[in-house]
Amino acid sequence: MISIEGLSFSWPDGTKAIDDISLAIAKGSPLGIVGANGAGKSTLVNHLNGYYLPQKGTISIGGIRVNKKNLDQIHRTIGLLFQNPDDQLFTARLYDDIAFGPENLGLKADEVTVLVEKTLRELNLWELRNKPPAHLSQGQKRFAAFASILVMNPDVIVMDEPTADLDPKNRRQLINLVNGLRKTKITVSHDLDFVWDTCERVCIMQRGRITADGPAKEILSNRELLEANSLELPLRLQR
Amino acid sequence: MISIEGLSFSWPDGTKAIDDISLAIAKGSPLGIVGANGAGKSTLVNHLNGYYLPQKGTISIGGIRVNKKNLDQIHRTIGLLFQNPDDQLFTARLYDDIAFGPENLGLKADEVTVLVEKTLRELNLWELRNKPPAHLSQGQKRFAAFASILVMNPDVIVMDEPTADLDPKNRRQLINLVNGLRKTKITVSHDLDFVWDTCERVCIMQRGRITADGPAKEILSNRELLEANSLELPLRLQR
Amino acid sequence: MHMADALLSPMVGGAFWAVSGLLIGYSAKKVSREADASKTPLMGVLGAFVFAAQMINFTIPGTASSGHLGGGLLLTVLLGPYRAFITLASVLIVQCLFFADGGLLALGCNIFNLAFFPAFIAFPFIYRVIAGNSASPRHVAAGSMTAAIAALLMGAFSVVLETVLSGITELPFGTFILFMLPIHLAIGIAEGLATWAVLLFVLKTEPALLNRQPASSRPHFILAIFTVATLIAGGGLSWLASSRPDGLEWSIANVTGKGAVSGVPPNAGTSLSGIIGSLSVLVAAGGIGLVLGKKRPEQKNL
Amino acid sequence: MEKRYQYAGSDLAGEDKSMLSSPFLGSDRSALLVSALFVFSLLSLPKYNLSGVIAFGAFPLFLMSAAKLPAGKIIKRLLRISPFILFMAAGNLFLDRTPMWFLSWFTVTGGMMTATVIFAKTIISLAGMLSVTLCIPFYRICRALEAFHLPEVLVTQLMLLNRYRSVLQEEALSIQKARDLRSFGNRGKELFRTASLIGSLLLRTTKRAERLYRSMIARGFQGRMRVCPADSMTSADWRVVGLWSLLFLALRIIF
């Protein structure tokens, strides 16, 4: 589904954020990317939807190369949840924001209505549909940003720190929701318990490289491996 | 040390964020404040350093009333880590940001140099000192914001979501660092395991009110109480 | 400084509405011809940035007072004249509609005074010429200082012009100018310093932001000549107008059939009875409103 | 100044729960036209005609009482009347001392009249405009403006500007507070140190615009935000506009 080959990326100040990464992600198998602060995780996933373009190496998604020409197609295939939901909501009413994508896709008006209502109800946002996004709480904003992606029904969903600032109850709901989605899912998170609950495969990144790659339960219970990568056992495995 | 009496606060749109809260915080006993998204936690702690001024009720810190006149003194006493580190860092070099406070306090140049270097090294930020804060990763930013407060050596430290975006190793380091500080500490967090490790006392907030207040271990292991407040047991206590 | 409704005659206000409207249409055409959709969100968010930047206070060097950034020149350096003009106009529209800054009739004047000069005169003909695409702090400093001061002085001059042409106030042209220019010189210096300092920060941290300007986004020279000509003509007219302050009012008064009493003070009797009459209109309007408002069911809309 | 624009997003721009102006002002489009007509006829009053200016106060007063507008908000806004206007009014007071009428011991000068007229015009024209814009949520104003054939670049611009104003203002406020927490007296608030604060905000703003753009084109954005096509003026709209213009004209002729 997704294949990354020999990808490298350096910032103008010389920081090497991604260092020759190759990675193949199969359809439908949820992947977690974990690693220390500054390991390059966000830089990597921001390459997937063309926010940054490869300086070296190639990325292709469902057979389509990520480059300037194909951006339109790429954006249709992949939905990226940004770390800051304010970057994702831009209309005056929550409802309009969720309807924006389907309308631009050219769906018929009544189809849009049905789809938007379904998505909003699914995420407990229906009551809030007339509020300006700026007046939502942080957790509600995150769910709203998630809804704006979900409603587009992309083949791939990429989430960068989806649980930050969520209270435990909303976090639990997100786990259930993500597990119910039949899509290719990629999650970047420091919440290793969340990764444990939602991912089948885990990659560990360190200084721009992938240093481990394997089944989630196996990697996340390997204390030495984790500690060598500035990580710890998920809290549930600690006592 | 800190006493809050009959504090209330409403937003211009009518949302009642704080509803008649009274609270006394003793010197040296670390307090955790937990609660659902939108409960009013940030609004409450942003009152402590005069970011918002009381609409009703009073706050005093070490005997000094929080009001417009005393702000300078209050700022000297209390250090607040914002929920969003981007709001706290604003210079062109990380180093300048950390030196900003001590310089304004009127310390001598060589004292500032020593102090800043010590703090940066303590938080593993020394290598990054010449980078603009805008070019740091999210977790690096959070540590940098923490450094900018630590370097001022305030009597009271207030942290709003200090562990969001931190990798497990940095989170562990923060726990050790916080536990080593002989100060009055107040932590707002959804990371109940962090609260468990660093606080002696916990308050639960819901809809602008304090609904529970007691010893940390006791409150955080009371499943019914937590679930009634949109919370869950700390992950280490689950299964 | 925002021009205000009450100081304007409908003629002058309307004329500047027309001028600003034309400039908006012209810029909008230029912008949509460029068809660079990635700039659309940038304009929107930078417009919001102007509001935000105006909230941040600093102490002005050498004084005890504090000020804030205006942002007109800074925005033009980042966006180029046409996009900056649209963005600044949108800021002024929001300030007018929701913050009652100036007022509806004065909107045209305000767009002209506060957006046109930095975007179409100060940036292309002063900043660009001095600083160009150079990254040298000294060039940027000279460019921002002169351009900011020039933009503010031209804006102030234009305020004086509009006021005197309207003839609502008694302040003679010369006195008014002597009052406005020094104040705006001071504001311009602060604006120039702040613009320079912010640009310096950007150069240090994210220089790529400043090199986006295509050279083609430079407006026609004719525009500048046109402006200077307008200002000179306006200046001459206002000398005349200030000696005969009611000169422009007659046309409006004629339309309503009250030409004869236009500039002439009414006597005490008619004035008093007039005021009593108008107060009873107020009472009646408020009363009718209350009655109608009660009858009307609460509306709920989506 | 720093508090001025702060909470405006929530407290002044009309919310959806606020009432439609429709029974009195027709649609959003005609409401905007009527308020423009109002301002224009009010300001065309000659400079001594105080009674006429007061009579035009009927319009905002009627709207406020009929649509049950929050008068407090309007008054609060009016209290921030620009010192520039007060200065100009005072100028008239001093410069025009020709006596007009005598009330026993008190002489009313021309300057007093014209100064009062300037002041009253300001209050009434702003109150009139605010009572219209207070009825209509901002996105509906944008739609109405679109119906008047404003360039779509400008309409999209207004919508995005309004959406991000409160977000960025909150961030600006936070960042300024963060500076103040570590500044003492005037130390740390100097222009050149503050510039880096504005600069950081600018960097965040442009970064945000980039991410926003990604998220918009990912959802099919092609240069404009059209949520709902705007209708053009209907005959009912024109009727409302006609009615109000007659009223304004009547006021102009009577006073």
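Per-chain residue numbering starts at 1, and chain names A, B, C and D are given in the order in which the chains are listed.
Heads up, the rule we're going with is that a residue touches a chain if its C-beta (ideal position, glycine included) is under 8 Å from a C-beta of that chain, and two chains touch if they have at least 3 such contacts.
Since we're looking at a predicted model, the values are computed, not measured.
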Most heavily contacting chain pair (counted by C-beta pairs in contact): C-D
Chain occupying the most central position, where position means C-alpha average: D
Whole-Å separation of chain centres (CA-atom averages), chain C against chain D: 14
Whole-Å gap separating chain A and chain B, where each centre is the average of the chain's CA atoms: 28
Gap in Å, rounded to a whole number, between the CA centres of chain D and chain A: 41
Euclidean distance of C-alpha centroids - chain B vs chain C, Å: 43
Residues of chain C whose C-beta touches two or more other chains: 41, 201, 205-206, 302
Chain A residues counted as touching two or more neighbouring chains: 90, 130, 135
Chain D, residues touching no fewer than two other chains: 10, 16, 138, 159-160, 162-164, 167, 171, 175, 193, 196-197, 199-201, 203, 208, 210, 212, 216-217, 221-222
Residues of chain B touching chain A in the complex: 13, 35-38, 83, 131, 135-140, 143, 161, 164-172, 190, 192-193, 226, 230-232, 234-236, 238-239
Complex contacts: residues of chain C adjacent to chain B: 201, 204-206
Residues on chain D engaged by chain A in the complex (per definition of touch): 9-10, 16, 137-139, 159-160, 162-164, 166-167, 208, 210-212, 214-222, 225, 227
For the chain B and chain C complex, residues of the former touching the latter: 92, 132, 134-135
Complex contacts: residues of chain C adjacent to chain D: 1-2, 4-10, 13-14, 24-25, 28-29, 31-32, 35, 37-38, 40-49, 51-61, 64, 66, 68-69, 74, 78, 86-87, 89-91, 93-94, 96-105, 163, 167-171, 190, 193-194, 197-198, 200-202, 205-206, 209, 246, 249, 252-253, 256-258, 261-268, 271, 274-275, 277-279, 281-282, 284-290, 292-293, 296, 298-299, 301-302
